[in-house]
Amino acid sequence: MCLYHAKKKPLAKEVSLKRVAERTPGFSGADLANLLNEAAILAARRNKKVVEMDELFESIEKVMMGPERKSQVISDRDKKITAYHEAGHAVVAHFLPNADPIQKVSIIARGQVGGYTLKLPTKDRRYHSKSEFLDELAVLLAGHTTEKEIFGEVTTGATSDLRQATNIARRLITDFGMSEALGPRTFGDKEEMIFLGREIHEQRDYSEKVAEQIDKEIFSFIEGAIKQAQEIIKGKREYLEKVAKALLEKETLEKEEFEKIVGRKKLDKKG
Amino acid sequence: MCLYHAKKKPLAKEVSLKRVAERTPGFSGADLANLLNEAAILAARRNKKVVEMDELFESIEKVMMGPERKSQVISDRDKKITAYHEAGHAVVAHFLPNADPIQKVSIIARGQVGGYTLKLPTKDRRYHSKSEFLDELAVLLAGHTTEKEIFGEVTTGATSDLRQATNIARRLITDFGMSEALGPRTFGDKEEMIFLGREIHEQRDYSEKVAEQIDKEIFSFIEGAIKQAQEIIKGKREYLEKVAKALLEKETLEKEEFEKIVGRKKLDKKG
Amino acid sequence: MCLYHAKKKPLAKEVSLKRVAERTPGFSGADLANLLNEAAILAARRNKKVVEMDELFESIEKVMMGPERKSQVISDRDKKITAYHEAGHAVVAHFLPNADPIQKVSIIARGQVGGYTLKLPTKDRRYHSKSEFLDELAVLLAGHTTEKEIFGEVTTGATSDLRQATNIARRLITDFGMSEALGPRTFGDKEEMIFLGREIHEQRDYSEKVAEQIDKEIFSFIEGAIKQAQEIIKGKREYLEKVAKALLEKETLEKEEFEKIVGRKKLDKKG
Amino acid sequence: MCLYHAKKKPLAKEVSLKRVAERTPGFSGADLANLLNEAAILAARRNKKVVEMDELFESIEKVMMGPERKSQVISDRDKKITAYHEAGHAVVAHFLPNADPIQKVSIIARGQVGGYTLKLPTKDRRYHSKSEFLDELAVLLAGHTTEKEIFGEVTTGATSDLRQATNIARRLITDFGMSEALGPRTFGDKEEMIFLGREIHEQRDYSEKVAEQIDKEIFSFIEGAIKQAQEIIKGKREYLEKVAKALLEKETLEKEEFEKIVGRKKLDKKG
Amino acid sequence: MCLYHAKKKPLAKEVSLKRVAERTPGFSGADLANLLNEAAILAARRNKKVVEMDELFESIEKVMMGPERKSQVISDRDKKITAYHEAGHAVVAHFLPNADPIQKVSIIARGQVGGYTLKLPTKDRRYHSKSEFLDELAVLLAGHTTEKEIFGEVTTGATSDLRQATNIARRLITDFGMSEALGPRTFGDKEEMIFLGREIHEQRDYSEKVAEQIDKEIFSFIEGAIKQAQEIIKGKREYLEKVAKALLEKETLEKEEFEKIVGRKKLDKKG
Amino acid sequence: MCLYHAKKKPLAKEVSLKRVAERTPGFSGADLANLLNEAAILAARRNKKVVEMDELFESIEKVMMGPERKSQVISDRDKKITAYHEAGHAVVAHFLPNADPIQKVSIIARGQVGGYTLKLPTKDRRYHSKSEFLDELAVLLAGHTTEKEIFGEVTTGATSDLRQATNIARRLITDFGMSEALGPRTFGDKEEMIFLGREIHEQRDYSEKVAEQIDKEIFSFIEGAIKQAQEIIKGKREYLEKVAKALLEKETLEKEEFEKIVGRKKLDKKG
């Protein structure tokens, strides 16, 4: 479906759909069609006859997170919080061997978010390992941890990070059997309950005692990830400060700009 | 949408939409349109050809809390309780560094409320910090605490304050990860359950033991806020008495009148 | 609406709508319209050309509790139980400083009730204090307590009193923050759940441990109220006996008749 | 409504509607109309021109419990069990001061029941005392207790007695405040939940600890009633045997026949 | 209804509907009509002009358990398991005084079952005693117990036996008041909840502590029944082996063939 | 139904529907019809006039698991994980006496799965023994266990294995009475609750204490199976490596190729 749309639009010769695909792991055909439409509109606005890579790259983020909200007035305090928060995500991801490398960091508000950090999965993989999830947890909690480290207290800016991290920690235990304490079994009857058109996620099929153990494990995964994030934030404080300052200055750092500050990522992934 | 409506109505030249916006943080476009309509109606009643700042300011409160109910006969006892209750909110807010400054205090009944205290957010901010929430909790509980301090017992007048305070305390813990005891994770599956057109707020996805810890933390946040309110009420008793008496006399205190009694607010907010 | 109806009917000149309003605190406009209709019907039956105070006062009770059921044969035992039960409510209310004064006591069956005690709120007040609720609890439990004191055992006659008392005790704790043990917070998510046209009252949003504490406090409020009622019943036994005997004789005691036995009420209310 | 139907049918002069009413406490107007219809049909079958007391009395039981099932073959064992079971109900009721006197005992199967014991309430009373309920409990459990005493084991014949007894014991505690241990409050939110046309009986609004206390009290009321029944069964064994034997012989004992064996009931009721 | 159908079909003179009724305790009118239809079809297939006892007896089992599945290939292992399993049911039932005598044992698959054991109730009785239920439990668990005894382990073949046994054990306690530990009361609010056309069986109206006691009693009844079954299986092992072997040989044993091996049943039932 | 479809299509003479049936235990008539359709389509694509065994065998897997996804690019890491994971299932199944013999192992992605291991049930049996389930548990958990053994950590690749294993362990206890600790009874009211067209699986009809025991038993069954899998994986490591390597080389191993590496399976099944 996406190729069909792409062909209908005049793409510049140098456009590499492969490079687009690399930056859009997890995109459905519909998402890609949407992306090509956005790029065509953008090219039209710019009075271009063909869609070039620029339009395609700009459209990726629009499709992912909604339009830029540059017009919105943001206080210096909020900007500073956002800069350190995103720098935290980016630096922690950079120094964790199983996290994907950083593609872009930005403090320009988009849709519902005040800033964002994009990572570039090195490969579309079928299986995810426990190490990847543990590093992902640390990256997700890095924004919160950085705020605490730098400003002494946290804001509501980390709310959706915390919800995502909690969900991952829970799935590690209840779906993937990755908790040593609870072992390789699953918890909760997840066969979807379509109830008047609504899906209720889980029917508890375990005892209260197991519910307590699951909570204990979630706490333990979260705590471990916080510690990992803290260590990097403290050990790489210098980089963190530099990235945050660069963000306050330029608002957006592309991969190359980011790596100029922190160096090239050392990947430790098998395969 | 709000600008469109505003243009259709003859606004006086000296009207500053910016000053209106400052007093209406959190207003939606629909709220603002509603506000401008109300102001136009008021101007018409007053046989004015243009809408002036007076009509706009009066309409803000009407839109926020419903029409004044001056006609309603209120007993001296109820008036006195209201005066001290509102004075409590106002004085505690004034002396807490992270609470917004007072814009207006009134004991004129409006809609469902017997009196009200308006605060003026200094800036429309994206993130809220734990300090802000803790001060907000103390301000919300200040009415209840003042009643107890002054009259020795409490009334049903604080009911909605208590409900709001409880909800904020709960969200600090379950949504914002701001409890040291429970850490940076979220609690409760909040994906909305549209169930025959009704939203059920939360599906408990944690153990009974965690439910107890959450309760313990809510109690602790509430207790802390009460203590903070009490300290200010006791330490600033003189101001409290003066504000309450002024309210009993004039029924409404604007920012300037209020600050004549308590002095100018010292803001401690970053940014 | 009620004034409109009242004007349409020929009211006697000496009718004082103010005195009617005093006896009908909490009446809605619709209730008052209903009352004036009933009074007009009654006047018509009596071949009066105008509605007089008599018709209005008789109609108040009919609207409040349904028609008299004088025809119903009631055993002497049931009459005696009713007389002491109602005397208990009336005497305890009379000697509690925060309870409203007695307007009428009756052992004539009306609608679902075997007898009734009417109180006259001295003023329509916006806020209710803890003291008022505690005295109200003692008054509600006074019928049950009197039965036990006089007959050595209780009957099903107190069932709705007990339900009301339990609900007030619960609200003191969960809605009004008036329990010292549980403090100024609210319990239970009461946002109405309209579920296929039905309202479910409360979604439990607290732990089992808190549920136990709430029960303990309800027990404690009930126990305290029973003690208070018992003390008055024992201390004022003479008055209780006199009121019960007068009720068995006359079936109904108006304020003046009641106060001839027990004296004038000493009010201790502020305001 | 019932009088209207009664007048339309030719009632014998000596028919006393008062005596009919005495035997049908709790009957609604519709039940009484049904009763008079049945009696008229019976009279027609017997080629009588008027309805006599015989037809009325026979119809009472038919309306209460369904038609006789004399044709059904019942084993000697079942007959013997029924005779002792019903004799147990009757003898225990006879010797308990707060239980109504026996009107009829029968081992003729009717509708769903294998036998029945009818009691004649001495008066239609508004209130029921704890003593009455406790004696009622002992009467209900007397069938079960007699089976155990006589045959050494129990059968399914007591199933509906046990359900009724459990419900009464529960209501004593949760609705009538008659438990010393739990005191004068109510338990359970019984406001009817009409849920798609169905009433759900109770929403638990108390803690697990209170649920345990309620169970403990139900057990205690049941145990007390069993003991009371056992004492009478043992102490009046001679009468029990005589009543059971008379039932096996005659199948039905009217009040007079029953009292010839056990003597006249000594009533201890007040009023 | 069943007689009507039976008359419409030509029944052989020697057909005794009484003997048919004896073998079909619990059959509804509809079941009997179905039975007569099946017998008529069978007679037609056999080119008989009248329905004889043979057709009626064969049809009883078809109506009870579905058509024979002789064509299905069954492994020797499955056949051997079935033979010992059914022999277990039959032998245990034979030696328990309160279990009904065996009418037929078969290892021919029918409908969902791999084999079956039919018992012939000696009489259609109104009440069932605890002793009857306890023996019934032992008979139900005898198949499972025999598999364990003979093969050292159990199969899924006992699944529906276990479900039935659990339900009977539960009803003994919660409906029939036959547990010494929990006494003569009922548990669970069973008034049917028709909820969108579906019946939900029970609303728990007791505490968790009572739920535990109920479980303990169910375990105890099951354990007792297993012991009883084991004793008979061990004590009568010789008979068990003979019955199993006869089944493997003949596939079906009628009452007379079965009793030739194990002797005549000694009934200990009263009445 | 399946025979009808099969006859309509030209099947090659040498086609043995019996051999097809052997490889499709548990297939419904609809599944078989589907299978024959797929084979006919495949034959048409290959320009064959008749459907041969090749088309039938290839279609079996397509019907079971969806079409092959050879085109999908899979990383070397994912391929290696899949190879060892499937080799684990296959080798453990091979050396467990009660597991069915291996028919095919493949690391070609099909539908939702990255690889698969097919077993060939030796016979369609009516009953399943506890030993069979325990071996099945070990086989299901072998993929997970192998990943841990070989790579030191696990991936999301075992998710559906874990869910299946948990469900089997639960049914052993709650449906089949195969837990020594909980004994031969069933748990959970499984009568299907059709609720707006949806089946809810189980209504808990046991106490929290029993829920804990069930969880303990599930953990114990899982733990036992993991140990069994580990022992074989360690003891037969050499074979595991060989199978994995062969898979990486050839992608698919048929029964014969697999048995060339590990030898012929020794069956220990009775019957």
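We just call them A, B, C, D, E and F in the order they show up, numbering each chain from 1.
In this section, a residue touches a chain if its C-beta (ideal position, glycine included) is under 8 Å from a C-beta of that chain, and two chains touch if they have at least 3 such contacts.
This structure is a prediction, so every number in the text was calculated from the model and none was measured.
Peer 1: Go through the assembly and pull out the chains touching chain D as well as chain F.
Peer 2: E
Peer 1: Counting hops between chains that touch, how far apart are chain A and chain C?
Peer 2: Minimal hop count between chain A and chain C: 2.
Peer 1: Could you say what rotation angle superposes chain B on its sequence twin chain F, using C-alpha positions and rounding to the nearest 5°?
Peer 2: 120
Peer 1: Looking at C-alpha means, what's the farthest chain from chain C?
Peer 2: F
Peer 1: If you list every residue number at the chain C and chain D contact, are more than half found on both copies (same) or fewer than half (different)?
Peer 2: Under half of the interface numbering overlaps between copies: different.
Peer 1: Which integer distance in Å separates the CA centroid of chain B from that of chain C?
Peer 2: Going by mean C-alpha positions, chain B sits 36 Å from chain C.
Peer 1: Which integer distance in Å separates the CA centroid of chain A from that of chain D?
Peer 2: Inter-chain centre distance comes to 72 Å.
Peer 1: For chain E, give me the residues that contact two or more of the other chains.
Peer 2: 195-196, 208
Peer 1: Hey, how would you classify the chain contact layout here, line, ring, star, complete or other?
Peer 2: ring
Peer 1: Considering only the defined contacts, which chain D positions touch chain E in the complex?
Peer 2: Residue list for chain D touching chain E: 74-78, 80-82, 109, 114, 141, 144-145, 151, 153-159, 162-163, 165-166, 169-170, 195-198, 200-202, 208, 211-212, 214-215, 218-219, 222-223, 226.
Peer 1: Which of the residues in chain F come into contact with chain E in the complex?
Peer 2: Going by the criterion above, the answer is residues 123, 125-131, 175-178, 183-187, 189, 191, 193-196, 203, 205-210, 269-271.
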